[in-house]
Amino acid sequence: MTQAPIIATGLSRSFGTGDDAIKAVDGVDLEVQQGEIFGFLGPNGAGKSTTVRMLTTLLKPSAGTAFVAGYDVVKDADKVRRSIGVALQDAAIDPLMTGRELLTLQAVLYGLSKVAGKNRGEELLERVGLTAAADRRVGTYSGGMRRRLDLALSLVHEPTVLFLDEPTTGLDPMSRLTLWEEVKRLNAGGTTVLLTTQYLEEADQLADRIAIIDHGHIVRQGAPRELKALVGSPTLSISVASSETDEARSILARFGDLRPTSEGTLGVGLARGAEDVAAVIRALDEAGLKVRHLELDEPSLDDVFAEATGYRLEGADAANKPTESEAAPEEKKSRRGRK
Amino acid sequence: MSVSIADPKMMASSSSTRSLLRHTFVLTRRSVIGRLRQPAVLAPAFIFPLFFAALGSASFNRLASDPYFTANIATSFLNYAVAGAVLQGVLFGSTSAAGDLATDIEQGFFERLLASPISRTAIVLGRLAASMVVAVVQVVIFMAIFLVAGARIESGPIGFIGLIGGGALLALAMSAMMAGLAIKSGSPEVVQGAFPLVFVLMFLSSAFFPRHYMKGWYRTVADWNPLSHIVEGMQGFMNHELSASQFAKSWLIPFVLAIIGIAFALRALNNRLAAS
Amino acid sequence: MTEQTVNTRTISDGARPFEVVAILVKRSMMRVRRMPSAFIPSLVMPVFQLIAFSGAFGFAVTSLGIKNALDWYVPLNAMQGASFGALGVSFGLINDMQTGFFDRILMAPTPRWVTVVSSLAAAVVRCVVPITFVVIVGYIGGMNTPGGFMAIVCVAIASIAIAVVAAGFALGLTFRMRNLGAATLTQFAIFFTIFLSTSQVPLSAMSGWLRGVARINPMTNILRFARQGFLGDVTWEQSWGGIIAMAVLLILTFIFAMTGIKKFDQ
């Protein structure tokens, strides 16, 4: 019976001491199964990168334990490092070196001979499509190319577990798709992947299971499909004149939970599904309210996130988000990213 | 910076000389305040010169047993080193001030000043006047420290004035030339790059060691270097009775250099204005 | 794969220290080649100081019976040039910390001591050119070497030792401070250590406080060791003090660097 590749129990990390201490990660429990892609979803400042740094032995936990590839991240850090590949938020590269030189260097750092290292480098360059640019200085690479090189660097020693911290942040759509393809290919070859992201679509597309992290806690965990089903009801969002908002809100509330939607709109989760749309319109009409705009959306990860945290993710920063979830939609700074 | 460009007093002046003076005063104050806020820059202008003077007097005091030295140059090596320390402090202080000016140009504050009703000359003169003020303060502090350490001004109180005046004029000369460089290039890096050159010039003079004891091509360069004569004038104040030649060397030479420097700076200013 | 074992095909247990040192040193030299402007000051400064000191202060030493001021200053400036390599090591490390590449080095199974030794080796390789440059300028200026070939050997040993000591100190500071302040502090430390010794004049010519400080400064012994061949014969009496001083400083700064890098394992 094999142990799961990543197991964290009560993992916590605080910065600073005494009254000023910030708890960046507060009691994270997770278990990533062999061969799955696990998505860690949350806004900036939620604690994703801190968690990853603890799991990859770059940061010591303040409390809790974690086992990666079967080894304790604190006591057997060295063994953990040999089994994992890491590509962090900013590509960790030396701009003065060429791609080929960096890969050879990385290989030698991981114990290969220079010759074996060079061969391995060639292999990886081809895999990530950088053979043509291999002899150019990395400083001249585009963002997408740097990420691909970073990925190649993390694969030099054929790790069984791969950590990717926001692998496609700042990339153009083409580069993003290329990277997704590569991640899927790696996973098909048996590599377990834990990736953090602030992009819902990325989590939706790649992850077998996801965990939503907010303010250092995991608030939801499970397969995207299941989580969406839990949220269940579709979201109806309407916009009315500002003078009519209060009345509209109380009417909507009769049909389900009020939900945060984009600025200037009111949203409700229709408890009985899409069939209630007609009833809602009728009720608003009978009250003499004029609906200016109407939209019906099936639950998405966006909804899962909003339901779990009280605000929308796409484009949000943890620092900017509102503090309560019951605020009226126009008071809330919720933003709904359009794809 | 709390100096208000839109100060009604400045905008309402009628007489151009009066407005020039007033603007100069306001900008001087800003400059001096700005420099005092950067102790990290002033520290090398104090610590290094004092350290080298201390090191020199501890290392080279044997020179004081040479009769030629005590007759013609200085009473002790400490007394000799004072002038060189003053020179170093003033020169370094002036270079860093020009760095501020270049930074202002780079960051656009200079352009804002140009767009205001402040007279253009005032902008430059403000900087230069500030340099002189800072130099005077520097020299006074240096002298206090050296007097405590055992140095003596053989030419008396007037010699003390002579030293202060010399320091101020040297600061004026150096600042003017550096300001010209700053305005012309608009880059703090270029100004910083000038500092090593100043350092080299100081070594190739009597600032750290009497040129009487130098030989060959090195001696020739030191003989022709204006810094040698300026610092020897100051050494005269420290070690000999008062004489006109001390003023001639330590005041006149910097004064002439200052005229050249100011002309250069104003010319650079005009060119920059014409260009923009 | 069903077992959580380390993939032994690509990783060996003690990641080949010699290969790692070689490739990291090569990387350091490549950085110098690709960014030569950073290296120029370490060439120009020692030669400038050699000329300036011997030209300005020459009398202070020639009046003591030393034939050529260069005999006195070449060893000093060679050692100074060697110490500039230390700053390069610090800058390179800070650059790596900023790009994140240092994380990769930390993550690799390379033992910590190999990482430190690589930086020290890089400093040694970097110091060869400044030392050579200074010695050549010395010869051009008519420097004497009564101790013959051993004179060059002594100055080379002392300079290389200083390069390693300075680099170790720079590393220890950089690991702890993690910013450019470490490079500045190293510069100050080197500056004061060198100047508060027999850099300008022999002990006998010094007065008061300076003599007291110079006597206990290990640099004085090391300078004596480095200079002896330029002033006379190379003898054991003039050497052993310097050798002990170098050994002690090497050990202390190595420990300082090692304890510094270990802080990243917390």
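Letters are used for the chains, namely A, B and C, taken in the order the chains are written, and counting of residues starts over at 1 for each.
Just so we're on the same page, contacts are C-beta pairs under 8 Å (C-beta built on N, C-alpha and C of every residue); 3 or more make two chains touch, one makes a residue touch a chain.
These numbers come from a predicted model, not from an experiment.
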Determine the shape of the graph in which chains are vertices and touching pairs are edges (line, ring, star, complete, other).
line
Please indicate the chain closest to the centre of the assembly, with centres calculated from CA atoms only.
C
Rounded Å distance, chain B centre to chain C centre (Cα mean)
35
Cα centroid separation, chain A vs chain C, in Å, comes to 47
The distance between the C-alpha centres of chain A and chain B, rounded to whole Å, is 59
Could you please specify the touching residues of chain B with respect to chain C in the complex?
51, 55, 57-63, 66, 200, 203-204, 208-209, 213-216, 218
List of chain C residues in touch with chain A within their complex
1-4, 6-7, 9-13, 15-16, 19-20, 22-24, 27, 30-31, 34-35, 95-96, 99-110, 265-266
The residues of chain C that touch chain B in their complex are 48, 51-52, 55-60, 63, 195-196, 200-201, 205-211
Provide the residue numbers of chain A that touch chain C in the complex, in ascending order.
2-3, 5, 56-58, 60, 69-70, 77-79, 81-83, 86, 88, 90-97, 101, 104-106, 108-114, 120, 137, 153, 156-160, 190
